Amino acid sequence: MNQTVWKKRYSFYLSLLVLLVALGLLFWLEVNKSNYGMAVSVIQKSLVFSVVAVSMNLLNGFTGMFSLGQAGFMAIGAYTTAILTIPLSRVDGVYYMKGVAPWLKGVKTTLSVLPEPLLIVFALLIGGMIAGIFAFFIGIPVLRLKSDYLAIATLGFSEIVRAVISSPQLDRVTNGSYGLKNIPGFGVTQAGGVLPVGAGSLLIPFFFALTTIAFIVLVINSSYGRAFKAIREDEVAAEAMGINLLKHKQLAFVISSVITAMAGGMLAMYMRSIEARAFSVTLTYDILLIVVIGGLGSVSGSVLGAFVVTFAKDWFLRFFDSPLVIGGFQVPFLRMGFRMVVFSILLMIVVLFYRRGLMGSSEFSWKGIFRWIRRKKEGVETTKGEMIDYPDPPPAKPAPLIPDPPGAPQEGGRDER
Amino acid sequence: MKKQYTLLVVFTLIIALIAGCAQTPSAPTDEQPSSDKVIRIGVFQPVTGENGGGGFQEVLGIRYAHEKFPTIDIDGETYAIELVEVDNKSDKTEAVTVAANLVSRQVSIVIGSYGSGVSIAAGPTFEEAQIPVIAPSATNPQVTEGNDYYFRVCFLDPFQGKVMATYAIDNGATKAAVITQLGDDYSSGLGNFFLKAFADLGGEIVSEQQFQTNQTDFKAILTNIKAADPDVIFAPSSIATAPLLIKQARELGITAQIMAGDTWENQTIIDNAGEDAEGVAISTFFDENDTSTPLAGEFVTGFKEFINANSEYYNKNGGDGVAAVSALGYDAYLTAYEAIKAAQSTDSVAIRDALVGIELEGVTGAIAFDENGDAKKNMAYIKVIQGGQFTFDKTVMTE
Amino acid sequence: MSFVTFIQHCLTGVSLGGAYALIAIGYSMVYGILLLINFAHADIFMMAGYFMIFSVSSFPWQISIPIVILGTVVLGVLIEKAAYMPLRSAPRMSIMISAIGVSYLLQNLATYLFSALPQAYPAIPPLKRQIRIGEVSASLVTFLTPVLTIILVFLLIFLLRKTKIGMAMRAVSKDYDTSKLMGIKINSIISLTFVIGSALAAVGSILYFTDRMSVTPFSGVLPGLKCFVAAVLGGIGSVPGAVIGGFLIGLSETFLVALGYSTFSDAFTFLLLILILLFRPTGLMGEDLQDKV
């Protein structure tokens, strides 16, 4: 008893310590941005993607619904945020071809009384709200159907959003084909203020990610979250238990879309200039890659996945794309496009052989880490204890070709038709 | 725990290790003995993706210029110039990341990029880092608008639209159709500028059509155009769509002259469209047969030698022709070179200040910047495809 | 719109619809048997385009066509064996992710091997012959596509209705577990489904690309999505339904572009999907289970 209390406190202090170190490191990086531009940029992207991945996981991993509309919802958030936050003085330059719609200019003038940080938060929320409304109305017809239809309908929705945004009819609102630029970025950009240049460029997205992910974790741990998991495991049983399927699916879908759209707004701030083309199906697939590698059904897995994949893809493994000669020896295969081939093969390997991904459906905890380290030290003998710690569920029905991961939906395809 | 974990940890470690070794991927051209003093020029270009072909031709111009002027004297000391080349893959998201990469590699000035979209996307990154950029061939007004650190050595889309409209009217056209690509700022922008100019000059726009990115079937829009019976079709678009559009138009029996902007000046279009490409007219920045200035003649001879000496360059360039973007790449490098010389410093802000007032004679004409950072140019070359080649037709000047 | 223009648009639409129908059948059959949206089908179609480019560079086109069909069939079956078979008893989501993974892999592989730049599709001389009927002009392939589609579909329906193998396929589609108990070799039936689907995709690819003349690694994506919608529209699992869906989508897309709404031609397809799901989730031919594969 005493020991568990001590351990809990221990975990708390350890987490606090890590958080403080992380904050310090981020602050140091952002004020030295000019020397570590690449690191800052990749961390920003990882933070944004980790939010999208976690919200995708809420649907795919926790509720067992397969949505492929991430790119579309991100586009909604990104465009709303961009339209509302582009500084009034630069609007005419941005809408250089067709001019900006008068009502929009009116709205922006009214909003310009807000200080910039508040305006950004407001814009992100509005973007989330619009996406939420869309999600609600798509959900009504689609969520009654089988999950495959949800996948294809959301994919379709995402394409519709892209087409509508770039349509000439909306030129005066979304600037159609010309894209939006001059979107304010994260942090201080002008020298001479109280804070040094670059301050906030990492901490702002960090706090955004922290808040939204914490929100999703709260949802997952609430009674709603338990209902989501029940739906994932067995819809019929869940309904028999008195869970309103449609209501809970709708809720998960709307929450996930709102958060995705807000992350889309953050992506717009990261990119500084956006165009409809950037929000294609490929973007959704990139996020799916993160979720699968991180582990379906694990929040910490998605966060870890976002960082590992983004760092590898945008930074460490970049050299895969350029021919490399080591000591006069031309390394084979390395040329344009090889990096993405490696990532797609990695995705297939994870899907086929390591279906748990990095974290499976377990979450990060200090206890787990220590146990893991202890086991490493003690070596072989502990393999027995391991079986007790993490029992795989007994194989379902006749032994499948590949045992299911713990916690994965057991619906088993067939009987669902 | 599980074997998988160990495997993944090992995998991560390997990634980290490889990353450690791969921190300094060097540009292929910086093999001269490294003197202590180095000044870095960033080359921000698409070598792959939709605009990979044209981007590479631009890089060739820059590499040739670098071969000709590999060092520079600042305050009596000789600095080696190092080209730091990155590939933005014709993709805006990628562009931001690689721009950050260039910034962290401490370049003093950047040249790029082919394609306006990526230039616009990367603009704020360079502006914040206070590094000046010279765009060789990005023609969209948005590139330099509101950005004190972006300059360009080519003409702009409004000008280009006017040039093509003038050319069409001069050739007796009265009815024009315009085809633009949705979601593409170059195509939509140039198309619109043409539209305005053509109407201003008294012509009639009989059909306006749009198509989606990645669309390969233009029959429906071309059928509409055929019904409207225009004298000319203006279809600014990427190199990839050009042959499809040309062939399908001819297949439907459309005989109107097809015209486009600078991007179409690429041999692959003729290779893919074959006979059907005959008669297509484009506007461009430079003509290799125009030897009115000795500088241009000298450049053409030297550049051809440079291309012929390297089979990879020769193949990717599609022969030893001199593309306008290669000439502009050369000019951009030259402008950067002169600015560094004028600033007598490797400091990026000092170089930027020097750029504002610079005046020099480039191979594509005189270069001086207006208050937006755009080169003051008032002449464009029109080329027509004849006998499977881009042949010079005439020059058009407007105010 | 003049009459000639109208006819010209109809021709374009029917020809496009024919190619769509051939691809849609592949989606519909695989879904009928495996309950899987084979996201990779669109990329099999795209790879067939590249196969043609490479085989024509060394063989005459008469030999190239069988080579392309064979190559595409091998690719389709290989994908089934490598990426779907090991997951037979896995949760539905894993198979779907695996299908997306294969699609992602094929696209990236094609980008790596053949570069993202479009490659010119070889012209098959007799197919490209210009035919003029009054004011209407098009190449032979435009006229040929719908005709060939109809012939192939009748052959397929004959196979499904009149042969033993066809009966087995229908049985598997109707009740997977029971047909297994009845001694039907499930794996060979599934392989056969992929053989038929891929072969039709290869033919569709030849017709589609001959008309469009260039292939990129992403040429499959949009036609693929539209063909899936066509399959749902006609009633997924039904072969005649897929064909009707294909022609409907092809025609409506062409006429939307013709009327100047090209921005919304893609969006319309998906709007149609959402409407269908809302009002008639079984699709137009959904209740007719006779030819359900």
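Per-chain residue numbering starts at 1, and chain names A, B and C are given in the order in which the chains are listed.
Note that in this section a residue touches a chain if its C-beta (ideal position, glycine included) is under 8 Å from a C-beta of that chain, and two chains touch if they have at least 3 such contacts.
As the structure is a computational prediction, the values presented were derived from the model and not from experiment.
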| item | value |
| --- | --- |
| Pair of chains joined by more contacts [C-beta pairs], A-C or B-C | A-C |
| Furthest chain, CA centroid comparison against chain B | C |
| Distance between chain centroids, defined by C-alpha means - chain A, chain B (Å) | 35 |
| Centre distance in Å when chain B and chain C are each reduced to the mean of their C-alpha atoms | 38 |
| Cα-centroid distance, chain A relative to chain C, in whole angstrom | 33 |
| Shared-contact residues (touching 2 or more other chains) in chain A | 163, 166-168, 336-337 |
| Shared-contact residues (touching 2 or more other chains) in chain B | 48, 182, 210, 212 |
| Where chain C touches two or more other chains at once, by residue number | 115-116, 221, 263, 266 |
| Residues of chain A defined as touching chain C within the complex | 60, 64, 66, 138, 141-142, 145, 147-149, 151-153, 155-157, 159-160, 163-164, 166-169, 281, 285, 288-289, 292, 296, 335-338, 340-341, 343-345, 347-348, 351-352, 355, 400-402, 404, 408-414, 416-417 |
| Chain A partner contacts - residues on chain C that touch it in the complex | 35, 37, 83, 86-98, 100-102, 104-105, 107-109, 111-112, 115-116, 176-177, 221, 225, 228-229, 232, 263-264, 266-267, 269-271, 273-274, 277-278, 281 |
| Parts of chain B lying in touch with chain C, wherever the complex brings them together | 48-50, 52-53, 182, 209-212, 214-217, 219-221, 223-224, 226-227, 240, 243-244, 247-248, 251-253, 268, 271-272 |
| Interfacial residue positions of chain C with respect to chain B in the complex | 1-2, 4-5, 8-9, 12, 16, 115-118, 120, 130, 132, 137-139, 211-214, 216, 218-219, 221-222, 254-255, 257-258, 260, 262-263, 265-266 |
| Residues of chain B touching chain A in the complex | 1-2, 4-5, 7-8, 12, 15-16, 18-19, 22, 25, 47-48, 87, 92-93, 96-97, 100-101, 103-104, 117, 120-121, 123-125, 128-129, 141-142, 145-146, 180-185, 187-189, 192, 210, 212-213 |
